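Okay, so chain A shows up in both of these, paired with chain B first and chain C after.
Coming up: the complex of A and B.
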């Protein structure tokens, strides 16, 4: 009796297993060929010297040694790119989170009329492509006839070379990225704000807390997990910044805006140093995966709210 | 008598006081609301202004673009920039390519991901949880890690683009629509999103269908998919956006105009019209218009989808 039941159960699951195989087949094929395979291939490539023409040569840890400890110009450039990427990440992530929080509080305010319109307006830059908005900002930043310098000129102020001044180029790129990303963090903060029960504010008011004190002691602590989530997600994308740099500065002036991803792309697809580029990509990948693991640990593997 | 009069007077007085107090509160609330809305509007103008400036610039003549101080709206509306943009650098071709890649890619992603999500949500098979965990964890791996190997895999796709069975001799899927569309279709995010939604569809429904002799494919096609329209809509919007706005992958695998997408076309534009901002802004307007239109018409899916998944564009 038990054996027949077990057998029936087994046949049942085997039937289901066949169906599952066919349902999974297309996805798993793509997954293996374009995700799992490339990750392993990337690791293997990073131990080789490869120019896509002659067969790869095994060089062991030489690429990693060159990247991290080498003395050649490429190594210095790599560390320059790391520093620039960190600069971009810290600037973009913190400003985007702050702006997003401000916008979310504004949009969540009960005094606001026409909430949906403003939410739409703030979110609009998020859906448009980075290449396109970078082109628009290239025009706005134009040193001769761009909007910003025209405004400065009509106010009688000295004009600035936004993207060709080594000190100003990175902040100019960060400003565009913050403008483009603020709507996203606003939306996440908004969901967080709306999940705070009104009773928390009521009891704070009964205790005589002012508006600022309510914000400081109720809103901010309760939004801490949301803030962490925004910071982590933004870090992951900011560490891979590429299109803004490609369109607006090409890493210049004087390498002031060269980022790790731009440097990897340059080495892989301009100089065909595929092994060297893979090693850099793998190092960046480790950093990003580490951040993602923290994300998964903190949020219990959930991405949703 | 006098007492009751006084009482009545007092009552009337307090009503008046209440009235004036409440109208005062209403007034201050109206002022607050006006100020908050004004602030929101100012920020809104600031956020949308670059788009306004893009469209406005695309409608100005070359002389007007270089006028100081700049004009807010074109004094004379010029549409020739659009004509020049559309005809130059094969922009119409880039646009058509982008439409094709984004639409086909979205359809393929929906098919592939919904099938896998169905297996992960509703079918029992060995090591289902381990496999799903593997797929979800793969989302953590940034695109830059797989970029170089994916390029090499696409280049050596067997029996494509002059390649032999071992994937050498030709250029594989480089400079092809397959290369632009297929690698992105196996989206782990898509599987995750749809699986979550499929869980909300009760198993009893599927059991009943199975008892009635329905095969798994009919259950999937005739029951699951029709019930999952909101989730499919959300995924298709994000997928379309991903394909339409993608830049680094088309940059890496295409060098020929016949397959280049509109985002690449814009950078080609930049080299072509280095100081000719009118046609350039016309091109940018054309390239952003589809996403802006989709956003306005399907806003609730964007907002709902972001709040649900936290996906970072």
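Coming up: the complex of A and C.
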């Protein structure tokens, strides 16, 4: 027998469910139209030969086979792009996390004057357009009149061709990405640092721990959840690197900076191979999920709360 | 939509009624008034329906879209304030919406526009990249019927440099576009530097031996630091543009005669790349790496480069930022077995669609009207593809003439093959140049690999 209270509760929950549905509806609509829909369409296209100018033709798994096992230049370049993307990801994620942690400790220090200004300054590159940042760094890296080579010259050191040397080009792009992204990880680490209770450090000091020991045995373990978040999010972003490559090197020199997303763009929008490019995008998606799972497994076991 | 057009039924009804009216009027005196009135009413009704259904007699609104890629602010002002408004005045009810894009965005813009059914009626693009693909898909209009049906247009067509129109904008015998600018390349050299090192500024290099000797003499460097490079070419994905000039100068070809296989790995092709490698790696006349601009100045304008294969963009750079360099600039068509350089005709296309005849009117207005076309070129500083415009435009100098006429008339000069696979194959050529010049492999090996991969690309396009 349903009591009046139960009926009210049910009515109430139905009412709040309806309200929740309407609150969620705008997001869900946008999500379906601009995210889920294109992703599903792209998945379907990955099984077709499609050039945007004529209807797609179903080819089954041929695109995936060609990408992974083909003999054409595009397959060779795909694997080169995968290697470069992993190189970029490892470089950017590790350096960005370390730089972010260092900056967070610095701007969290009570001894630092004008902390807000410093925090804002370090965060500014994060909110700046990647294309604008890349254009500025093109100037900084200019071998003739660039800031870096001017500094090297003034120190009597040999100048470098930052973006034209196949060995230096990718580290140069990683440096730009780290410069731009470090402010973001700084902000997350800062929140993490401020959430560690002061009593933990007091206890450590009473036990005679040095500053380094406090950092090693209190700060680092307690920041592990933050580090996990930063590493996963940075990996997802780094594996999709495009704008810096597009603006600064176009994948060169000698394909030293070609990345998977740049290779996808090249095939889709220059060579009109949208089906093939969609298949590459899905393979990249699988790699991103796999790396995120591995990160969660590796770091997740070491998270201390 | 269907009401816009004269249907067959409407036309026959109209004609029948008119014929009936004529027949009846011929014997009007013998026709009773009542019959005449009924017939007149019927005729009026059919004619009214026919006129309502017909597209031309009434000024129906026509919205044309134009996509421009080769423009600058002067050109945009000219189009927006004079040329397009005047066109609209002459065609009441027609509007033209212009979209101003860049070469970097053109690929994505045009492709997504076609995919979404929002293609511009008239658009500028590079024929090598766009023409063959779009022609193969049947989405751009063949222009021969328009030209043949229009005596004015026919006369103006004869004014084009024949190569520009019949090689640069014609596919399988069909004119698929109208060239609006020539983007020819040749060897630019600094006469002041020639004088400085004791070379005659009036005797530019004619053969590869001359070229190599001049490049060595013009180079000023200390170890790896170049104060001035004798000759240099960047190694980006368009570096095939340098290679093809050397290839053609040496009598080689990019593709075989049937355009079914790569031919640049021939002995002539290997020699051409070996020359480039020798200049950079042995003679060290320039750095391996790219020479970026110095501020707004190209390396040639800035004086850090003595010779370069370039186009009219280099002239514009010098004119704008260091005009005195123009007086010190020489342009020549180099040759080994034959003088050869690269010419390009960038073109206007018409999208197939319901407004095709109106789009043709706009295209005519832009490139076949002498005044409009000359002013476009004077604003952009480009190389006109029509003889009369070259003769009359204010900005044309002797250097422009060399770049147009000497390049087009040189026996070995070519444009890149107008095939749907050209871009992909040429990218393999560029990669081969990079590998050889960076020294990761020999010129022969690099070209063999590129040819093998190029043949696979061609086979994919040909479906074999």
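Here, the second predicted complex is superposed on the first by the 258 of 305 C-alpha atoms of A that agree within 3 Å, B and C clash if a C-alpha of one lies under 4 Å from a C-alpha of the other, contacts with A are read in each partner's own complex, and residues count from 1 in each chain.
In the analysis below, a contact is a pair of C-beta atoms (placed from the backbone, for glycine too) under 8 Å apart; a residue touches a chain by one contact, two chains touch by 3 or more.
Here the structure is a predicted model, which means the values were calculated and not measured.
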item: Touching partner for A:255 - first (chain B), second (chain C), both, neither; value: second
item: First (chain B), second (chain C), both or neither touched by A:58; value: neither
item: Which partner reaches more residues of chain A (counting touched residues only), chain B or chain C; value: B
item: Touching partner for A:71 - first (chain B), second (chain C), both, neither; value: second
item: Which superposed partner A:79 touches (first chain B, second chain C, both, neither); value: neither
item: Partner chain(s) touched by A:133 [first = chain B, second = chain C, both, neither]; value: first
item: Partner chain in contact with A:145 - chain B first, chain C second, else both or neither; value: both
item: Touching partner for A:269 - first (chain B), second (chain C), both, neither; value: both
item: Chain B versus chain C as contact partner of A:28, first or second or both or neither; value: first
item: Doubly contacted chain A residues - partners chain C and chain B; value: 52, 138, 142, 145, 269
item: Touching residues on chain B, where the partner in the complex is chain A; value: 29, 32-33, 35-37, 39-41, 43-44, 47-48, 50-51, 53-54, 57, 65-66, 68-70, 111-113, 115-116, 118-120, 123-126, 128, 131, 134-136, 138-153, 155, 182-183, 185-186, 188, 191-192, 196, 216-217, 220, 241, 244-245, 247-248, 251-252, 263, 266-267, 269-270, 277, 280-281, 284, 287-288, 291-292, 294-296, 299, 302-303, 306-313
item: Residues of chain A defined as touching chain B within the complex; value: 13, 16-17, 19-21, 23-24, 26-31, 33-39, 41-42, 45, 52, 103, 106-107, 109, 111-114, 117-133, 135-140, 142, 145, 147, 150-151, 153-154, 179, 181-184, 187-188, 190-191, 229, 233-234, 236-237, 239-240, 242-243, 246-247, 261, 264-265, 268-269, 274, 277-278, 281-282, 284-285, 288-289, 292-293, 296, 301, 303-305
item: Residues of chain C that touch chain A when the two form their complex; value: 107-108, 111-112, 114-115, 133-134, 137, 139, 224-225, 235-237, 287-292, 294-295, 304, 423-424, 428, 431, 434-435, 438, 440, 453, 456-457, 460
item: Interfacial residue positions of chain A with respect to chain C in the complex; value: 51-54, 71-73, 76, 138, 142-145, 158-159, 161, 163-166, 250-255, 269-272
